[in-house]
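Across the two complexes that follow, subunit A remains constant while its partner is subunit B and subsequently subunit C.
And now, the complex of A and B:
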């Protein structure tokens, strides 16, 4: 029983980080209807921003987190300006966006390898690994902080989407960007805000992911799993992304704990296919119908 | 500029990439289904042929064909599961398939696990590779021009409408996927016999992405486009090899640039064929004359306008 609870807690903290990343995929999908594969590279940059903010500048943890978030927000917006805006102007089909996104991801990843190098970097350990103990279950301090930060920032995101004017514009555009434009919504501004929000969350997630594990240029391959989580919950749906992430985090930790840790990733990908076969638009996804 | 040994190495790599890209071009460019999992089919071809050659001592050519057929068999299974998915979700499912394949090979110790499989005879010479490529191009050319190819193009253009006029959409999608998996499997097998050593890491998602990018940069719906795209994108990193990692930065930037400037790719929808080239030269005087006439007419209109105002 205590092992079960332990895995549950580990799964929750991993899932909360996945949720921060997956929300970025879902936000972009809900407006522009394509999977932004450059998001993984932005997350990777977040891990580097945080790392250098903490080691070179030496900033305290919270300040470094802010630096990573702002840095990633700016990078995400720049990627949108350079790679996606020309395509949006021409109403290009979604696939061209995916290819441009992959080009962007190759560009950013290799830029980091060329300038910083492919070596692994480890964050300085600032949180003592001594854990809280509740009965037999131990909670890592970093895990707890990760969970709290993820929860707070997701709540903030919900607040922005539900209670502000720009949030209303985002929700309107996700139903119909043409209709929203007719009602006077500036879609360029909406796209700017969603990339900024996605980037900020990616920065937070990237830095905490880097602290939990290590930092290296191809970290984006692992963060692709958050994309699976987004598909899992249904692309374009924010609650779906969060639920999918938490589920994926749980499944992964349980698979590692009870089956075998080297089959963990395989189980994640196999599950992706199974979910798509049974429910082709994810758990809570937008239903895309054929345009006759 | 290049030593022959080095150049032939690149040409072999071009041929192998071309084999896979042609198959992907059928699926993506002609049937309109995007796959990010073709590295998975390559891995099946490579591992099956490699295992046959090292463990059962099957000769070179049969081993390669078996590799291709194995990939095709798996594609029937994958196709039955995923071909009904729409748009992005199909491409995500193939992405999942490709990664799942790699992780299976990563964990099956019988096939070498993460360490990979060694001791595959290095028999993929430039002659063998290009014999496969030429056969592949000719077969693909006739397939595209046949009823099957036309049905696939119809599905790409308008799935619902082609269903309405009685094309069995699922069957042709499956046919396209199976043939493209066969090409990918053969390509993967040739690669295994060229390297002599394979490990799961060379069949990562980045390989699938690279292949799709070659198809797109070459131009959708064009076999010659795929050939040009493959040679272009295989040579570019080799030419810039002295810049080490920066060449991949350039590569990424080039992909974004092409998407922004010419999203239909270098030769989207245009084919080069011997008859086409002859026709182009034959009609050249006519086109010249037509152009001259157009210009004359325009000049005349301009002077007329100038006279009025």
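And now, the complex of A and C:
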């Protein structure tokens, strides 16, 4: 039983990292209908921003978290301005956005490799790594903090989307950006806010990930899994992204824990494919013609 | 206009590539080219960067002393980013375009194995540095890769040293393993550890795996915790080791960790911290050995006092010595003749006397160094325990 609980906590903690990352993919997809692969690299930058804020400046944890969040918000907005806005102006097909996103991702990754270098960095240890124990089950403090921050920031996001005017504009644009424009919504502003929010979440996710594990330029590869989680939950749906992420974390952990560790990815992704075959829009996705 | 621009751009792209490549040259005039293949980006970047830096430094040193056969040496190296295809391309390019006398590297077994075919095809000797998998020089069916050599000992040896140390020296009875299923290195190491450990009365109580690039190992570690082993073998590289060790301690696992040469990195000492305190590793040599100090100092003089000196510096040094000796013996930079001379020379390297065995192209008769990680002065680092070799290695 204690082993089951431990695996449950392992899965939940893994899932909450995926969730923070996945929401960024879903946000952009809900408005612009393309998969923003540059998001992974922005997450990676978040890990570096946080790392340097804590080691060079050096700032306390919460301040560094704010630096990482704001830094990534700005980077995400810049990426949008440079790479996506010209395409939007010309009404380019979705495929071009994806290519631009991949280009942006590779550019940022290599920028870091060239300037900072490819070696691993480790965050200074600020939370004593001793886990606290309930019976035989141990919970890492950082995991708990991460879980709380993920939950709070996701709730804040929901608040912005549901209760503010810009949130209303975002939701309207996600139904139909043409229709929203006709109703006087400034889509440029909506896109700006979307990328800012996505970037802020990327900053939080990146710094959390970096603290939990390590910082290196190809972190972005791990975000592929969170992208898959977002698709699984239903791209464009925020609750879907969160549920998809937590489920993926759980499935991975239980497959590794109870079946065999070398079958983990096989089982996890076979399940995902089955879900997508039965329900192509993902668990909670809106029906769209082209899912990229 | 647009078409003209497109064509122009294409030309610019093509020619900028061509400008990067060098022209070919003959083997018996101009500088002798020393090829290098390794990874300066990705998981192996720490090793690759140090290795290529070392070779460059040694070439400069050799040139300052008058070169080899009265000719200058020239470094030609490619970053293959840990990728098998890039390794094959880089090897082909080194041989056909750059016309190197021989190739040093790569560091990783899977890349060295991938490269063997090209070496055989083009009759060029490759000296792997820290590629410890048996298949680098000898195939599964027992045939020799005629142009592949190495200066390090092989996985079976590391596996049996680690197992023998655990069971014969430390008296452990049960062991768990957590290894990278996609790494040839880890698979070979694991296999021979299991064989020795079980043949000598030990029991493997948990055998778990992960994929390369994974960062979360708690699911597997939870299983290992339940099996409650005396020791855990982590036959992987420093990044995974650091993450696994930390997560294991978080879960309350206090078994002794065992590892191999993949642990060697000052990055691990920093990343792993107290989680790796008390662990034992098998290594090619000890960093505090007086014999290796001159190279270490030279490296730090060249690349800055805080440059990290990895095992690859020492292995790269030995590979370089071997290649130079072979070129000297052959009297030419013709790769085929250099390869022929490879088994006829003997050099005194930093990791012992190096002589290529004609049967398996491995260096004959090396002892391993056992090191233990200890927490001293606020820092965890490996400390030399003793030179060790198991009574009957597999």
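Methods note: the second predicted complex is superposed on the first by the 274 of 292 C-alpha atoms of A that agree within 3 Å, B and C clash if a C-alpha of one lies under 4 Å from a C-alpha of the other, contacts with A are read in each partner's own complex, and residues count from 1 in each chain.
The rule is short, and it goes like this: a residue touches a chain if its C-beta (ideal position, glycine included) is under 8 Å from a C-beta of that chain, and two chains touch if they have at least 3 such contacts.
Computed from a predicted model, the values in this text were never measured in an experiment.
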Query raised in the report: Putting subunit B and subunit C onto subunit A via the overlay, clash or fit?
Result: clash
Query raised in the report: Who does A:221 touch here: subunit B (first), subunit C (second), both, or neither?
Result: both
**Report entry** Partner chain in contact with A:125 - subunit B first, subunit C second, else both or neither
**Finding:** second
Requested in this report: Using the superposition on chain A described above, determine whether A:140 touches subunit B (first), subunit C (second), both, or neither.
Outcome: second
Report task. Could you say whether A:252 touches subunit B, subunit C, both of them, or neither, answering first, second, both or neither? Result -> second
Report task. Kindly classify A:3 by the partners it touches after superposition: subunit B alone (first), subunit C alone (second), both, or neither? Result -> second
Report task. Pick one for A:105: touches subunit B only (first), subunit C only (second), both, or neither. Result -> first
Query - Which of subunit B and subunit C A:262 touches, first, second, both or neither - result: both
Query raised in the report: Who does A:91 touch here: subunit B (first), subunit C (second), both, or neither?
Result: neither
Query raised in the report: So which subunit B segment collides with subunit C once the two are superposed: 41-49, 77-85 or 113-121?
Result: 113-121
Query raised in the report: What is the shared patch of subunit A, the residues that subunit B and subunit C both contact?
Result: 113, 221, 262, 265
Report task. Provide the residue numbers of subunit C that touch subunit A in the complex, in ascending order. Result -> 40-42, 45-46, 49, 181, 208-211, 213, 215-216, 218-220, 222-223, 225-226, 239, 242-243, 246, 249-252, 267, 270-271, 273, 275
Query raised in the report: For subunit A, which residues are in contact with subunit B within the complex?
Result: 33-35, 82-83, 86-87, 90, 92, 94-96, 98-100, 102-111, 113-114, 221, 224, 228, 231, 235, 262-263, 265-266, 269-270, 272-273, 276-277, 280-281, 288, 290, 292
Report summary line: The subunit A residues in contact with subunit C across the complex are 3, 6-7, 10-11, 13-14, 113, 117-120, 122, 125, 129-131, 133, 136, 138, 140, 209, 212-214, 216-218, 221-222, 252-257, 261-262, 264-265
Query raised in the report: In the complex of these two chains, what residues of subunit B are touching subunit A?
Result: 34, 81-82, 84-89, 91-93, 96-97, 99-100, 103-104, 106-107, 159-160, 204-206, 209, 212-213, 216, 244-246, 248-249, 251-256, 259-261, 263
